[in-house]
Amino acid sequence: MPASHTFTLRVRYGETDQMGTFYNARALDWFECGRTELLRALGLPYAEIEERGLYLPVIEAHVEYLGRARYDDLLRVTTSVEFAGRARLRCPVEIAHAATSAPVVRGWTVHAFADRQGRVARPPLWLLTLLEKPFV
Amino acid sequence: MPASHTFTLRVRYGETDQMGTFYNARALDWFECGRTELLRALGLPYAEIEERGLYLPVIEAHVEYLGRARYDDLLRVTTSVEFAGRARLRCPVEIAHAATSAPVVRGWTVHAFADRQGRVARPPLWLLTLLEKPFV
Amino acid sequence: MPASHTFTLRVRYGETDQMGTFYNARALDWFECGRTELLRALGLPYAEIEERGLYLPVIEAHVEYLGRARYDDLLRVTTSVEFAGRARLRCPVEIAHAATSAPVVRGWTVHAFADRQGRVARPPLWLLTLLEKPFV
Amino acid sequence: MPASHTFTLRVRYGETDQMGTFYNARALDWFECGRTELLRALGLPYAEIEERGLYLPVIEAHVEYLGRARYDDLLRVTTSVEFAGRARLRCPVEIAHAATSAPVVRGWTVHAFADRQGRVARPPLWLLTLLEKPFV
């Protein structure tokens, strides 16, 4: 079971801006795609997590912009997940050009555990089991 | 009470693309802003409509791109609303440069009436009353 | 050489809205992804078309919303391209659930030929040759 | 001349996600709106800065999510700008509900000085003069 997961995506035309590179906010959209694919690879798609009544809202995000990426460039997104205390998850992400490995974006998000109403929830055992396995 | 409503918005940096003008899909976001402000002007903010359990999902959209608009350009969005049969609303929109009236986008959306689960709903009397008033 | 092209994409979390389905403007982003993949399949990535100084700005778009699609649903996007007169391209698109073929969105975009400055351009021979081949 | 600038914006429908609050990446779009309005208030719209050949690309961004905001909520965005060394600008931002002052988002972006080609540029005197005035 992977401690981290890598997949590729292409920069969409609508993700560029007039500077000719991707617009800065799109990095957070890509971080989300990375978490989605990581959780799927871990055997627990995030859609199923929400169906079980658990939400992982982003409570902090950090992004460093390291290089340009243009429309249709193929990017490699590598995402991992780790506990940050008992009540937080932290997901580091690295995005680089697939062809050259030249870095594009690096950063992380921090997630709380919440129920459907947005109230703090305890991470359930099934999630702890899943997330701790790769790191043992 | 207005049959149509006009407000202004500025093109955001993230709404531009590498062609240097606004990205085509953003027009539909602006149409939404126009409907939001129109319904507020009619005395019934859309947020309240949804709180009453009524949804107006877009079932058709049409956009004609008539001119360029760049980052930070001030645009004038004029939106109106009319019945298209008993079970549909139609919202024509015109977007032009505020300074010159040069046209930017023209189009319309068609909306169904639905309940929270997305099932077809009858337009309630309070909405009929509200929407028919301006056109009498 | 294909007259039409099909690829799949997943609904991103950020593409949903509070109605729980994808936000209507996102359909136009997906149409763009479809055109990008179609042109790549035709052997002429759109990035290269722009490098040659030719732009294909959207001058009209039409979208019909036929069904819901939720976060992480896998969608099948089928795009084709045809001439609409000598100076326009028309790209019909159909989007359906990959698993069930249930329709989600249907529509089309119309494109002009323009140069870097946004002025009308004649479609160059290399593009005519490329686009007419599949339809002979 | 203001050291910081406050303006209001409304959460757009397309900025919500299926959790019912704004999607996390949208905070960076709002940060951009804040910088745009701050620079306008300082007498130098960012569009003019780019016309002079100077670009201020985001090289780092940090966001803390402090509270929920729903569709059509009116938010107050307060942005300031300061030097971070000689070659960097730092723009702290605070976003709160206009009605209650309940915090929604807090964060900052860091900007480099670049020319049209994305190469590092020295901050020109006219910008130094402008930005240092409010903090004297």
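Residue numbering begins at 1 within each chain, and the chains themselves are lettered A, B, C and D in the order written.
The criterion applied here is as follows: a contact is a pair of C-beta atoms (placed from the backbone, for glycine too) under 8 Å apart; a residue touches a chain by one contact, two chains touch by 3 or more.
Source: prediction; values computed, not measured.
**Q** If you take the mean of the Cα atoms for each chain, which one ends up farthest from chain A?
**A** Chain B.
**Q** Looking only at C-beta pairs that count as contacts, which pair of chains has more of them, B-D or C-D?
**A** Top pair by contacting C-beta pairs is B-D.
**Q** Return the distance between the CA-based centres of chain C and chain D, expressed in whole Å.
**A** 33
**Q** How many angstrom lie between the centres of chain B and chain D, each centre taken as the mean Cα position?
**A** Distance between chain centres: 27 Å.
**Q** What parts of chain A, by residue number, touch at least two of the other chains?
**A** 13-14, 24-25, 29, 32, 70-71
**Q** In their complex, what parts of chain B are in touch with chain A?
**A** Per the touch definition, chain B meets chain A at residues 13-14, 16-18, 20, 23-25, 70-71.
**Q** Spell out the part of chain B that touches chain D in their complex, as residue ranges.
**A** Per the touch definition, chain B meets chain D at residues 10, 12-14, 28-29, 32-33, 36, 45-47, 70-72.
**Q** Would you mind writing out the residues of chain B in touch with chain C in their complex?
**A** 19, 21, 24-29, 32, 55, 57-65, 68, 109, 118
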